[in-house]
Amino acid sequence: MQTTRGLDRLIFFTDAIAAIAITLLILPLAELVPVTPTNVLPGDFLLDHLSELLAFLLSFAVIARLWISHHALFEHVSTYSPALRNLSLLWAFTIVVLPLPTAMVAHWSTDSIVVGFYIGTMFVSSLLLTSMTILTHRSAALQEPANPLPSRAIIASTLSTTEFLLAFILGTVFQEINYWALFALFLSAPVFLILRRHDRQILMRMVPR
Amino acid sequence: MQTTRGLDRLIFFTDAIAAIAITLLILPLAELVPVTPTNVLPGDFLLDHLSELLAFLLSFAVIARLWISHHALFEHVSTYSPALRNLSLLWAFTIVVLPLPTAMVAHWSTDSIVVGFYIGTMFVSSLLLTSMTILTHRSAALQEPANPLPSRAIIASTLSTTEFLLAFILGTVFQEINYWALFALFLSAPVFLILRRHDRQILMRMVPR
Amino acid sequence: MQTTRGLDRLIFFTDAIAAIAITLLILPLAELVPVTPTNVLPGDFLLDHLSELLAFLLSFAVIARLWISHHALFEHVSTYSPALRNLSLLWAFTIVVLPLPTAMVAHWSTDSIVVGFYIGTMFVSSLLLTSMTILTHRSAALQEPANPLPSRAIIASTLSTTEFLLAFILGTVFQEINYWALFALFLSAPVFLILRRHDRQILMRMVPR
Amino acid sequence: MQTTRGLDRLIFFTDAIAAIAITLLILPLAELVPVTPTNVLPGDFLLDHLSELLAFLLSFAVIARLWISHHALFEHVSTYSPALRNLSLLWAFTIVVLPLPTAMVAHWSTDSIVVGFYIGTMFVSSLLLTSMTILTHRSAALQEPANPLPSRAIIASTLSTTEFLLAFILGTVFQEINYWALFALFLSAPVFLILRRHDRQILMRMVPR
């Protein structure tokens, strides 16, 4: 029997892991400070570690975005199954891993293996969210009866995962683009938003609720 | 549809981030210990790292103060909107960043760029709290019907943000003041408290509930 | 008097500790990056630290598995006793310790003391879960009346603890096996699952609910 | 107006801080591993860092004990006041500080300043718990009506704080005792338990509920 506390714990455990991973991102930067000679100007310190700053900003934004998706999905979830629990723990795993490629991308920024590891981890994370969305949508038992998961949630999640896949391909194939592919992704978000709104209206008519 | 669990998760995620960031502040100090030669007297060790100790104390007090404000605001919040969620995540971002300028201010204490980065982060954090306060006040839907957000909360939050702005200006313009501007701020708190009480009474008559 | 909040806090405290310990596992790897010369190829970096990667993967999987067991047990718990609280805190202790043998196993992989410390910590952690399971099963007061702990939970937990004991013996006696004993354990999980299902049916008839 | 969510957040924030601080205690030990030459035997590594291991064990046990006291007190609390909130945050501050004297006591074990800092922090932490106990006991509004705080809770908390004061005096005055004073404290716990039970019966008759 699955209790409400059981679901709360699962969500809480996942959230705590995401909160820790997102907070740890600043540590590598903070730890560089005491080993920097004091005669280096602090402005130069920040400029010298611009790639670390960018990687921190990017990873924070991506984890926040992935967390928002997880949060939005579980608004419709009323209980859990072993499969949903395992997928949620695997999702947490991708978030725990992220500080490693974040550190690597700051260190070897344009290398395609590193960029692939970095964006690839995000892609797998997003793919797991899409899997959980489909799993939930297929099972009436998992959903909050008063607040069922709409079909458009699958479309939105699939689009999001496709965006990460696109960024993965762009970032690994074109070395000059590297992890800037993610910035492009975030910048294009408003464009996607408009496109998606339009797509949705079309898709809404096609897809049964 | 926004559920109570959804709001709880948002608050929890923010709180977990703040709890981690406030606890990580001691790490740079704790990590200095094993690399200190054992023939250095521990009393001298503490004196040698007085600026790190002060920065730790200050950042702890500031994060605690900002958290208290976040906590006080959300006592009146009964649900969330995407805007409130995004502002709360941005607020969490300012808290995650803080260990970096904390380490920098301990390392290059009187430099105005560093002081500006340090107090500036706090100012933005406070500004985001004021934005959330205004956003909540403007929307009846976001508020707990039995416990609406009083107008004076906006005044209190704005005053607090103004104090950080003042500390920012004082600390960056006058290099001798630097981050002591924050101490002045905390010492003046009781004075402000009395002033504010008086101001409130006047303002209360002017501002409609 | 034990309140629901008291139980929630106990569970939450344990979960938060497990979430932090599981997230910290990536730190030793992430911290190796900035001290690696940039002319080392990132692919070589990952290969050079394969033992750290494997230890990270293993420890993540084991903590996740132990947490799932803790989670499953407390689905049936409705209140706590001082004994259950202390056992749960001791369990949290074994999880907090784990990053140390994880780092050691990555550093001195085939040493039997290290392998013993590593798998031994896991064995004690599992043993504490079995103790909590027996303690809960023996006390009707601790259990959720609508959702009592079935006898098979003791059998499942004991089997799990026996598996860790087996891995401990295999890993410490045969130096060539070392921590691969755990991989064998995870790989054999599906086999055990089938065996257990069969065992359960036999045991179910023997053991009174 | 104080809500239940407000109290839950306060407790949660405090718990999260305690959970992080207790988990971080292993980091200094785990971080020693990668910088140890691999030709050092792992058994020798553990023996060489026996003082760090002992300090880790002690600090874990003390934080767990202080958390149990905080947990026991808040079983009787139904709401919060600004004073209780501030005391709880100050308590969290003592827990956040603890990793620093823990690292120092492992590094300069017999120095009386360090021992004083270490046990002194614990004493202040315990003193704050006693203050919160008295504050709660004095205010009927703060207590759960169905589960009021008994007078004996003040006696128990005061005894506990006195034990830390005793350990502080013993540990700082007699350099040969140093932080072993805490071990004595924990070993004497069962004796105290019996004494206390007897004391309680006498005190129970004297102190009005």
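The chains carry the letters A, B, C and D, assigned in the order they are written, with residues numbered from 1 in each.
Here, a residue touches a chain if its C-beta (ideal position, glycine included) is under 8 Å from a C-beta of that chain, and two chains touch if they have at least 3 such contacts.
The structure displayed is predicted, hence computed values, not measured ones.
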Greatest separation from chain D - chain, by CA centre: A
Separation of mean Cα positions, chain D and chain B [Å, integer]: 27
Between chain C and chain B, distance of the C-alpha-averaged centres to the nearest whole Å: 38
Overlap residues in chain B, where contacts from two or more other chains coincide: 12, 16, 20, 24, 27, 31
Graph class of chain-chain contacts, one of line, ring, star, complete, other: ring
Chain D residues touching chain B - in the complex, by the definition given at the top: 1-3, 5-6, 9-10, 12-13, 16-17, 20-21, 24, 27-28, 31-32, 85, 89, 92-93, 96-97, 99-100, 102-104, 106-108, 111, 113-114, 117
In the complex, chain C residues that touch chain A: 8, 11-12, 15-16, 18-20, 22-27, 29-31, 33-34, 36, 38, 41-43, 45, 60, 64, 67-68, 71, 74-75, 144, 146-147
